[in-house]
């Protein structure tokens, strides 16, 4: 044990982090050896990001000592930490939307070398090298804001690679990546390890976690509950440690025989995004739409809810045409949409949980121009209870909830409107295993009540666990339609990548 | 006698702190010293009629005996001055000939005559012919418009060979704006020979533009201003002459009138207020006119150090 | 538990600190100048003074809640007043019997409100449909509205109203000044709109996260237009009060009220980036400003110093609020599990 | 076809503003051929100096993700108090010294803003709204409220100094004052900071995302502090130039101009959300506002309609790109 501490690149002892009222980390010991890949696992809110923030100097620890490269660091900030060789790929990427790809990649490196003047040629060189290393082609002069999410994530990864890092920390680096890019990332991690660079890897995708890491550390409620070589764990046992219970996935039950067509989409086309999208959705059916990066799935999902105006094509719900390109019309036709990025698109973070749910049902509780507050509170509380949202107080701001609970609040808003069709874009992105299974249960339950559900996802197990049918998209077109109950994960992965 | 010493007289001016009203305050203070009354001057921080209304409200609330007001916008003050008079406060105004709710309005002169007086000098300088332009601080300022209208009328009646070019140019009482407007006038009307300003900063801005182009001798510039503002341009000849009335005397005269009203004394046509320019006033209804204008040029500017 | 929590939220709200400031200023002025500040004369005088800019501050508040701002409030106020004044001077004779002039007065009021609504509609469309940043949209439209008022009047004041016009700005009902009554009504109306209607909730939510509002299928354009129309209507009411108190209308009345209205709204705890703001805070801010202002006038403190004190007060309140917020942040983030 | 042009050339604000300027000039020339002369150009240049310097400062603040409405108050404060100071202690001081002191005053007041914004983390709009009142109130209460025309003689000499002055053969007068060099200096210095130093890039980065900047180790507080000090210094410079060239220290001038300056900067493509803004755009925005404000007589717009005209110009200038951006965003989904 003590020798562990002696050789460690990162050596945290008895770290406690308290935010007024919350203990995010509770006396955690944590070491990383040079060249070691450590996996940090835990449910939402278990303290993973907090631990990373302490190592990278973004937040100070309340108690405990931090040693980096053998030196005690009583005072740490991002600059010192970076100078010591710690690079982080943050959960939210932390990029500069207004700057070019090249500058985004090179900025941290240039800061760490105490560069005073800005040289654009050197900047491009640094960026080019980093991109070459993972073999991606991105326009160096493009502004980051114009890139799709997945490319943004790649830029964030390149930024970490660009510097002479001793340790690269990846906080859920794969959420926006498709299988193919995840494979490439895993390759990079192996390469880094060979070069003696240590890696801390946080992910909710348990299979990929186990594949690349040597050591696994599991956090629960801010405490370290398990630690050991990766070979000692499998998905099952990891889940058990994270949640403290077993979470089995059940496959979806059959669609009711003779179910009627609920939604009909005909030749939906949008220049440059998707073309000729046609499909039917039956009552009680869960339809998956999947595809690689840039395949157009998000655009299709948004088009169904009127957020993207298609150039051609039509949508009908229960036989009635729905005007396209108008979210209000879609919502009137009882289509619901839970967006991909709940922090910026889905929720009003500073507002109360109650208001976040109620916003969808204000008109129904208005009489004589005024709101019936009691009715509103009752209804919202009821939905929060039905979705098992763990909240101390419905008046608390929604930002005080963990990711999984936030996602349920977003769901509650739409469910309270009794939708006929619910479009779920990445329903469990960044949600922990326990909550994920719960959300899948909710999806199956809703379908059994006759709601038509469209799940957009690239999480294959998720698709298999919830969908009756799966549409595969490539280059903006539907190229395959699979039976969700008979297809296997390998088969699906193969069709996606081919 | 005892009550004469305990009177509170507030002089409320358009805006606090600027030279013009500081000079007026000298007159008010002189009056206070000589009579032993509690005469003082206040003014809002911003040139906004509503602020002046609020200030007068506060004065009424604290129970002054008399108000001497230089309205920013006479119409806007009617209601509040009406309330003041109802409360038994003696109200005297200045530069507001149309004011209804006042015991007397004091005018240093008939505005149109003052404008004509400036025009007379301008026309003489221009030799009675050529293009000229006029400037006002703001199109919403009544006195500025009266001066300019009086000047134009005087020109039309007496100097048929002179022509007014362009509109009334608005300078927002800002020397910088007057400067750019003057530049523009010089560009748009290259043959221009004369300019007449109204706001005290107008001739300063005009003078600067003239000086920059080296046209001091080719042009004639007259306007209302103060020696402290226009002095440097009078020296170089960029500005040829200015006219004004001494605000200190006006301030003193207002306070004097206020006391007369409080004591129930009658003001009559041809009366002598015992102040320079107001030796023989003419009374037209409630409006008291003096002949208190002062014409200043490079030769006599040293006599007026403000 | 709930008892404890609610008292805690009341005392920790920024509005509570404003209440303390208002009471403190009132107390201070009463002590410094007891016979004059506390006189009935002064209290009514203050009640006559603040409603016009306080109403403008309310208009500012609702636009700020959406993360916008309305820099055209003074322009709208003057334009509506000018239109009303022109109607009154054209059709109503000052010598007309009161019963007849009341009809024309109501007509003029209706016209002024229409102008206010119309101007608000223009602002709303600029912000909603054309996507202009509100600060520039209303800066530009404010110039246009003022410009129309100048063009319609040639820049001079419009005056010569029947006596009934004076009622709006100068009369008292049961000893309460009419402008104060109007302000109180509008403040209550706005408070109810913001807290008790679907529209009000949407306004705040939109201010908190416009993108999420789009994804929640809120009709954003309609909501924004309503917001600016309400601001325009409020401004025109302020314009009518100014007109009545000045017994005339002119394009440049109240030019100092714009910054004052912004200052009051912000001092009142409204977040200028949207998502938070309460009418009670704005009311308390208005009162503090008026107590301070009248009190300082009585003490014959220079009016320039007043500006200095306002600015300092604003920053002081912000420093206190921000620090209180940092200290309290944890009390919201309760353990979710 | 247009390979040498930047890819987004036709959709940039700069292009649009330049187009509007060209269009306006054509209309003005058609309505009065005398418009298109060297006189007009030199007059407009002179009118742009002070606004230009202020606009460069305002642009920097917008880029950093803030907004500053106090810079006009800083400019007047620095100008007036340095004038008063030198009149009291050394009226014959050389102008560069007086200028330096004004710049230092400006930087000092900017540091106030910087302190509250960078170190206490208060919202920029509120802080600068407050300091606008404080600086102005302090100046008028404690330093003075009178216009001063008897400036130190060397300041007057500065205003008489010209780089070029004369009359063309066609009889068109022109004059370029020394002060134009100050604008050039400010532009070059700011260009260098923004484009060639890590500090400048950090300002853009902070404007893009403060949190990201903090996380990759940019010293956000000191960068913000620098921005406000620098802007204060620029305001001090603009103020003293305004005073000496106008040959009057007027404590009531400039304040009230802040929103028009910000409008000019936004016209030039800077965004209120931060992270975007270029010097070219800013200067074009200033040029447009100055040209229109100073050419309405030539174009024949009656004085009573001028404020309507300028209002419509601001609406069009900011509305067209805003509308285009909105449409583009809607198309992209």
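Order as written gives the chain letters A, B, C and D; numbering starts at 1 within each chain.
Everything that follows uses one rule, which is that contacts are C-beta pairs under 8 Å (C-beta built on N, C-alpha and C of every residue); 3 or more make two chains touch, one makes a residue touch a chain.
Note that this is a predicted model, so its numbers are computed, not measured.
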Label of the chain whose CA centroid is most distant from the centroid of subunit C: A
Centre-to-centre distance between subunit C and subunit A (centres being mean Cα positions), rounded to whole Å: 44
Between subunit D and subunit B, distance of the C-alpha-averaged centres to the nearest whole Å: 34
Subunit C and subunit D: spacing of chain centres that average the CA atoms, whole Å: 31
Whole-Å gap between the CA centroids of subunit A and subunit B: 72
Overlap residues in subunit C, where contacts from two or more other chains coincide: 150, 154-155, 302, 304, 306-307
Residues of subunit A whose C-beta touches two or more other chains: 307
Residues within subunit D bordering two or more other chains: 137, 140, 145, 304, 306
All chain pairs that touch each other: A-C, A-D, B-C, B-D, C-D
Subunit D residues touching subunit C - in the complex, by the definition given at the top: 116, 120-123, 125-127, 129-141, 145, 259, 262-263, 266, 272, 304-315, 318-319, 322-323, 325-326
Contact set on subunit D toward subunit B in their complex: 32, 34-35, 37, 39-40, 43, 47, 137, 140, 144-147, 149-150, 156, 171, 173, 175, 242, 246-248, 250-253, 293-295, 297-298, 302-304, 306
List of subunit C residues in touch with subunit D within their complex: 71, 126, 130-133, 135-137, 139-148, 150-151, 154-155, 259, 262-263, 266, 272-273, 302, 304-312, 314-315, 318-319, 322
Residues of subunit B defined as touching subunit C within the complex: 16-17, 40, 42-51, 53-55, 57-63, 73, 75-80, 83, 138-140, 142, 145
Parts of subunit D lying in touch with subunit A, wherever the complex brings them together: 195-201, 204-205, 207-209, 211-219, 274-276, 330-331, 333
